[in-house]
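In the two assemblies presented below, chain A is common to both, partnered first by chain B and then by chain C.
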Partner chain A sequence: MINDIMLFDEVNRCMYCGFCESVCPTISLGPHRGYGPRGRVNLIKEILKNNTITEEVLSSIYSCLLCNACNLVCPAKIDIGRAVREVRAIINNYNKQSIKKKIIIRER
Partner chain B sequence: MNEGNIKNFINELESSINSNKILMDDIILKLYSREPSGIEGKAKTVVFPENNDDVSKILSLAYKYEVPIYAQGSSSSLSGNAAPLKEGVIVSFERMNKIKELNITDSIAIVEPGIRIDELNINLEKSGYMFPIDPASQSVATIGGAINNGAGGLKGAKYGTMKDWVNGLQIVLADENGTTLFVGCKTVKCRKGYDLTRLIIGSEGTLALVTEAVLRLTPIPESIVTSLALFNDLSDLLNAFIEIKSSGIQPYIAEFMDSKTVEMASKGIELNFTPEGNMLLISIDTTKESTDKIKKFLENKLSKHNANKIITSLNQEEAEEMGLFKIRRNLFAAQVSMGQVIYGANKKLQVFIEDIVVPPSKIIEAVNKVRDLGIKYGLQVSIGGHIGDGNIHPSVVYDPTDESTKDKVIKWYNEVMRIALELNGSISAEHGIGILKKEGLVMEMNYYNSSKELSIMRSIKSIFDPKGILNPGKVL
Partner chain C sequence: MDAKDIMDLLAEITLKTGYPVPVNKDALFKWAEPLKLPSNGDTYIYTGALYQLIPYINYTVKYLELISELSAGNSLINLVKKIVSISPYYLSSIIKPNIKEINESELILKNIAKILQNHVKGISYLYEDDIYSGVLLYDFGMDDYFSIHAHRVFEKFKLKNVRRVITVDPHTTHVLREGYPRYVDKFDIEVINYLELLDKANINAEKLGNLIVTIHDPCYYSRYENIIDQPRKLLKSMGIKINEAKRSGKNTFCCGGPLESFSPKFSIDIAKMRMNQLISESNFIITMCPICKANLSRVKPSNVKLIDIAEILSKF
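Here is the complex of A and B:
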């Protein structure tokens, strides 16, 4: 497992070109960009930066199939599949109660 | 525009369209506020229309409450074209992505704006047809985005840009009723008064929203002969291209990359040859019977100008097997890698890609001047582009937190545009004006003593969009 700073550095390299979306099997099935690799990478950045998460963000992160197709086309060579696995571990290790509270607060 | 306007807009919109078409999650909204240009804005909400009626309702309410509207395809544009500069509403066309009609006899496809260019071509290939506009981002770029940015691409040498491949458009106006119009025709020949279709193409979402497009199609060529040639001297490469271009043959594709960029783009990809030197990639479409003749023609011209390596394929399958397009396809990655070599692998980098065009006869002067300019500013400039139509994309990659380099890059960017003008060219070929080239547009109008064009354009804008709510702050 890599630490939060290393993970942030990894996802922070995203240039936002969107090339990864062309090979992602989930983006066309989701309701918005968060269901594609570009979205997930930038949501991971937001999770790490603001320590905040919403139901919609969770759905984006957990809808990834971890197929790693995006890794093959990323010009910045971000290991997107690994980043998603890492952030899932981070979410799992968070104080679940506080995350739940945040979700509830945000959804009101 | 006050906060209350957006709230009222959303409240009324929620009562007229399904709530699952409206997104207000603050974190997800950030995904619609950014572009590869590095420009970030602030979206207040995203609406996902699913048909023309939805768009009409959105624009009618936006007009009523004076809410800024930013149409988006896939946010892959490079001049800050669709970033929400003012707090406003994103209209994302990702759910309007259908092919509504395909008619091979009429050589047209009627499509919704959210379809990606590659997806369209995968569907057309079964019929032996293609839509020939192919920006390097075609796997992600949408037809709607390509229309609004006036996109071009690798095949621009032969097929031009979007303005040449759209017969008609269904558009929605930002007025009281969200009025729907069909401008242009379904046919290629069309004399329906003033040509509003070509006014909308390249207007970057500032005049109206496109909800349907009638696209022209063309058969996929029977055979395409491609030569990849490497030259020690960039001048030899440019002279070889000029001679081929002046021989009565219109290249299907003509791309080039300087040696440093070739070196970077070749890293991490498997090739059957050693990619050393400046690269010219040139394709000519022909019949199966003529491929040998074209091969000889190309190889003779390339050898005459001292190419140190020439690899030629006789058709598309062979070109793929031989990996002739691999280096070109890796261009964006090469530009990023160049930055990682300079700044380190973990640094957040910004790639700034210029987009000038000069008459092909001036390409040698343009490349030499751009190269000298990079040296003047001490910047590592990657030079490449669509040499076939005179469109070059010099680019630099830099650390956006390094203010002194950023300052140099902006000066460099402006001077590159000046070079284009001095060679009778233009400041933007296919990326559009957006935010980054607004000053450049004024520079160009003044350079050609044509500044009244700007006031005419402003008048046109105010007729289409009297409240100035469509993509405010862009183009003009």
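Here is the complex of A and C:
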């Protein structure tokens, strides 16, 4: 498994340009930008830096299709699909130890 | 519905039975029996049971949704969790998938196996050892469960002296190439997809006339495994014209299927977007993945034909 530092370095290259949002199938369906790649990448940073795992963060991470369309248009070439899968593995580890939170995918 | 409940249930059932949903294991490899494929060799077709499982997964998810919508939703889910922890086999008597969907999946697998039988030498089949790959566990990030399951699959491969597997869908192909080497020490099985294999086989194909199709590329073939040109070359060799969708090949647009178990609403909305993109090019749509086919078929207009590439290639 890749470690947290490698994952942080990967997502930390995000320059907030938002190109990824133009190709994401889920962003237009969700209630906020957490349902798109830029939101997810920056939530991954929050999870790794501050251990922030709210129910809203979980719905953002688990509403991803892992389709990786975003990776193709990312100027920083962040491997977003794989990063989301990796953070799910990290969350599963955290969630086992802490209080179990619900994961509800919300529609706009 | 709480996606955590779905993931927990699928993981628990996988660990207990080897499959993510309650199934009759003996039924999963029956499709191969009429073909009389050898059961020993070193190169095996490995379906990872994904085509066979889709009708069962569809039914199970609908069943779980229904019980979660009932007023006592949470307590019923907890009851299902308890049943699973005691014996998941109780559930297989409740799960009754659509027979038409099962027959369609089996026909696709038969077509794939027949093409391979006709054009590639020395192909065997794993029969009862053609078990589920664990791909959902990997996608959900349930890596502890995935690791246990992947070791179990690898042990089966070793007992059968498997040197090379021929995979038939994008998800199984990807998890064997990426997930297994990460979690199974000394994973030395060569993984080749059947479209890659047929592309290399230089088949002299029969021409199919004036068929015009559009291809729906599965995300895992196009963006993770770089299987884009092979199906196109195979179809073109049969004289088929391909009208490419604006989002095709590397730029393909997801069918929405991976979210079916967490949010059916998202899943169907994405399928509608994708179907509109595809039918603007042709009413004859080719899929290459059981998840894509199942999800797009939910929104398919009646005048549109949606078929798996294996059905076309079986005319080889």
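The definition used in the following text is that the second predicted complex is superposed on the first by the 96 of 108 C-alpha atoms of A that agree within 3 Å, B and C clash if a C-alpha of one lies under 4 Å from a C-alpha of the other, contacts with A are read in each partner's own complex, and residues count from 1 in each chain.
Keep in mind that, in the parts below, a residue touches a chain if its C-beta (ideal position, glycine included) is under 8 Å from a C-beta of that chain, and two chains touch if they have at least 3 such contacts.
In this text, all values refer to a predicted model and were calculated from it rather than measured experimentally.
Contacts of A:Pro25 after superposition on the shared chain: chain C is touched, whereas chain B is not.
After overlaying the two complexes on the shared chain, residue contacts for A:Ala69 are found with chain C alone; chain B is out of touch. Once the two complexes are overlaid on the shared chain, A:Asn92 sits against chain C while remaining clear of chain B.
Of the two partner chains placed by the overlay, only chain B lies in contact with A:Val57; chain C stays clear of it. Counting contacts by the rule stated earlier, residues 23 of chain A appear in both its interface with chain B and its interface with chain C. Residues 20, 23, 25-28, 30-32, 34-36, 46, 48, 74-76, 92, 94, 116, 118, 137, 139-140, 332-333, 335-336, 346-351 of chain B are the ones touching chain A in the complex. Chain A makes touch with chain C in their complex at residues 1, 23, 25-26, 29, 62-63, 65-69, 71-72, 81, 85-92, 95, 100-105, 107. Put simply, chain C touches chain A in their complex at residues 1-4, 7, 138-144, 182, 219, 223-224, 250-254, 256, 258-259, 262-263, 265-266, 269-270, 273-274. For chain A in complex with chain B, the residues that touch the partner chain are 9-10, 12-13, 15-19, 21-23, 31-34, 38-39, 42-43, 46, 50, 52-54, 56-57, 60, 73, 75-77, 106.
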